[in-house]
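You will see two complexes here that share chain A, one where it goes with chain B and one where it goes with chain C.
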Partner chain A sequence: MKLSAVQEALPWLLHAAVTTLWISVVAIVFGQILGLLVCLCRVSPNRALARFGALYVSFFRGVPLLVQLLLTYDLLPYIGIDVPPLAAAIGTLSLASGAYSGEIYRGALNAIPRGHVEAAQALGFGPVAIWLRILLPQALRISVPSLVNELILLLKASSLISIVGVTELARTSHTLAAQTYRPFETYVTAALIYLAMNLVLSGLGAAAERRLAAAGH
Partner chain B sequence: MSGQPVVEMRGVTKRFGQNEVLRGIDLTVNRSDVVCLIGPSGSGKSTLLRCINFLESYDGGEVRIDGRLIGYRDEATRRPMPGRDLQAMRESIGMVFQQFNLWPHMTALDNVAEALIRVRGLPRATAADRARAMLAREGLTDKEAAYPARLSGGQQQRVAIARSLAMEPKLMLFDEPTSALDPELVGEVLQVMRGLAAEGMTMIVVTHEMGFAARVATRVAFLDQGRIAAEGTPRAVLHDSEEPRVRQFLQTYHERNDF
Partner chain C sequence: MDFSVYLHYWPKLLSGFGNTLFCWATGALLGIALGFALALLRRTGFAPLLWLLRGVIEVVRGTPFLIQLYLLYDGGPAIGLKLGAMQAGILALGIYGSAYFTEIFRAGFAAVPRGQVEAAESLGFSRLDILRRVRLPAMLIAIVPALTNMIIILSKETVVLSVIAVPELMYQMQSMAAETFAALETIIAMAVLYWLMVEAAARLGRAAELRVTAYLRVA
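Let's look at the complex of A and B:
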């Protein structure tokens, strides 16, 4: 281990980590929105919507992310849709994350006793108020541990987008290692950066859980 | 309109798949009546109660609240009533559940104030004032800021009652309100209900508390296999009924409480 090699690689890797981070954050945001929509589809009394939700989940959860990336990036151009690497990366990450998050939300909704909804109905609540005031706040609370897990997986899965040429942390460390002939130092540094980012994520998750616990859960 | 019954059920039927849960229920509840529904489990008591605010849809017959059909536009076509109309009718029918069903992510105060804000459209501060007054009536002022998980079962049920009463209902439905409580907590809830009855609240109570039925009810209806098998004053049903099913039910009840 040569410290000077680490020092040399660090600025590049940190720069690439910023790319990893912002792509992940954008994919997380889109993924959560998609997840919520997918969940609403799946629990909808409308059969077509429920069917669509189920199909969505089985595809994006059943096909490896790498293959989804290649499909988007390499195959879509054949049918005349040109997808820039960044869009392909963010798009596939969000779509996959939407499938997983949607199932997390659905599980959380199922964990809420039916009586909580009935109590609201009996008081004259409409469906929108029931969703906004009774179901979603509780579902979010129940989801926190699984969601943090999902976000960590997403951040790690973002290393796969190196395959379509986005210069994020994994790809940059690979390139650096090849250039400097210092694979050990480079990869260990990259690994530590990933670890640090995920520790921050799980720390935020733990803080969120503590706050909810303080609120009587 | 003082002569009109608060609740009028005529020929109400309900089935879950092959299972006929209600087989023609006729029941009239007048203002300030306290009607206790008793009977073996699975006899349809809870289903009957839940048809009154249409938490459960009924298949045949009609349920009228202050003369107005609930759940359907009219008895002929039986098209479902618009959601808004149903919500408006439910506002004036309070319901208390066996499992309390307080919302665990809200404090006791917020549980009571929530419907005043979302359904009645009261300003937050006004709603909180009214909720505070409702909790004070129940002697729960020191529990305003407590989340349901920190309350005893009896306290939770009293908050749930306050939540319903805050909407100033003209009718209260109780679905086995003390069945989930430890025995030593039953009394405080029954006492609140007795107070309500004394104030003239119209109440329908599904219960296994025969003592409450005997002392507080104006009428008792005994259900068996989806039919009202006996109905009358508490004395007529609980003491003098010749109906064998009633006698058998009460006998097992007495045996259980004999030791």
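Let's look at the complex of A and C:
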């Protein structure tokens, strides 16, 4: 272990970590929108929609992310859609995250006592108001711990987009390791940066959980 | 699209699939064995050891598998650890899995009803017998869903081994794609194949779950 090698690699890796972080955040935001849609499909009384939701979840959770990424890269140009690699990578991460988040939301919805919906109906709430004022706020609160977990998983999974050519933390460390002949130092540093980001995220998640729990009483 | 490339390449793909299954099985077994050993070590309650183990588990769970694999394979020789690609891949799968398996076992130990252990103690069971005949069977019931879930996650991680050129299915498929330019055909087949494999594994997992909880339905 040579500390000077770490010192030399650190600015590059930190710079790349910022890319990893924003890609993950953008993907998780889109993933939440998709997740809510998938969840709505799955709980919908329309059988075709429910089927589609189930198939979506099964596909994106059943196929390895690396295969999904390569599929996007090969399929999009074939059907004539030309998007930059970064957009395709973020899109794929979002789609995959939508499947996991959708299931988290579905679980949270199931955890809300039926009595709440019945009470709202008795009070004359319409279906939209029930969703917006009764179900979604509670489902979001119940989902927070799982969603933080999901964000951490996504941040780690985003390392795979290095393989399809996006220059983020994993790719930068791979390049640096090859250039400096110091793979051990470089990867240990990269691993510690990932770890630090995840520890901060889980700390923020715990804080958010406490606040939401307090707001609930 | 032209799927006839498979006529020519199937022996390679078959050996790739065999390697995928081999890496998955040995990686998962190694992970389960290591995870169980770690869970037993944590039960000793020796504080410095607990902190150390918790730190190690936190590091393994907080870093991407890809980086761990690079570190082991590319960085290993720097600390005198020279491994072949497949050895490094299996060891990486095992280490990565063990951090998750050990948490599952810990939850499993906590789920064993105290009364059963006390009953075994009062009947004069040795500590090993209590572990083997009371704790393990009782915890297995609680942890089968989590175990199969983690084993399935590992099956998807085997794909990542292709980046250090382990000749598993993904690697063989990619070299076929590079030689034939049939990239799309290749990756579609991969997606379908892994999807089927994961669904099959999930079914097996549910069957195992039904089997260990069969006693609940006897009455």
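The criterion applied here is as follows: the second predicted complex is superposed on the first by the 211 of 217 C-alpha atoms of A that agree within 3 Å, B and C clash if a C-alpha of one lies under 4 Å from a C-alpha of the other, contacts with A are read in each partner's own complex, and residues count from 1 in each chain.
We adopt the following convention: a residue touches a chain if its C-beta (ideal position, glycine included) is under 8 Å from a C-beta of that chain, and two chains touch if they have at least 3 such contacts.
Everything numeric in this text was worked out from a predicted model, so none of it was measured.
Once chain A of one complex is fitted onto chain A of the other, the partner contacts of A:F30 are absent, as it touches neither chain B nor chain C. Once chain A of one complex is fitted onto chain A of the other, the partner contacts of A:Q121 are limited to chain B, with no touch recorded for chain C. Taking chain B and chain C in turn and counting the residues of chain A each one touches, the greater count comes from C. Of the two partner chains placed by the overlay, only chain C lies in contact with A:P64; chain B stays clear of it. By the document's definition of touching, neither partner reaches A:F52: not chain B, not chain C.
Legend: residue contacts after superposition of the two complexes on their common chain; A:S159 is shown touching chain C, with no touch to chain B. With both structures placed on the common chain, the touch criterion links A:Y194 to chain C but leaves chain B unconnected. In the overlay built on the shared chain, the residue A:W131 is in contact with neither chain B nor chain C.
Looking at the complex, you find that chain A touches chain C at residues 58-59, 61-68, 70-71, 74-75, 78, 152, 156-160, 162-163, 170, 173-174, 177, 182-188, 190-191, 194-195, 198-199. Residue ranges on chain A touching chain B, taken from their complex, read 113, 115-116, 118-127, 129, 133-134, 137-138, 141, 215-217. Only residues 58-59, 62-68, 70-71, 74-76, 78-79, 156-157, 159-160, 162-163, 170, 183-184, 187-188, 190-191, 194-195, 198-199 of chain C touch chain A when the two sit together in their complex.
Interface of chain B with chain A (complex): residues 53, 55, 83-84, 87-88, 90-91, 93-95, 97, 99, 101-105, 107, 114-115, 118-119, 146-150, 160, 163-164, 167, 173.
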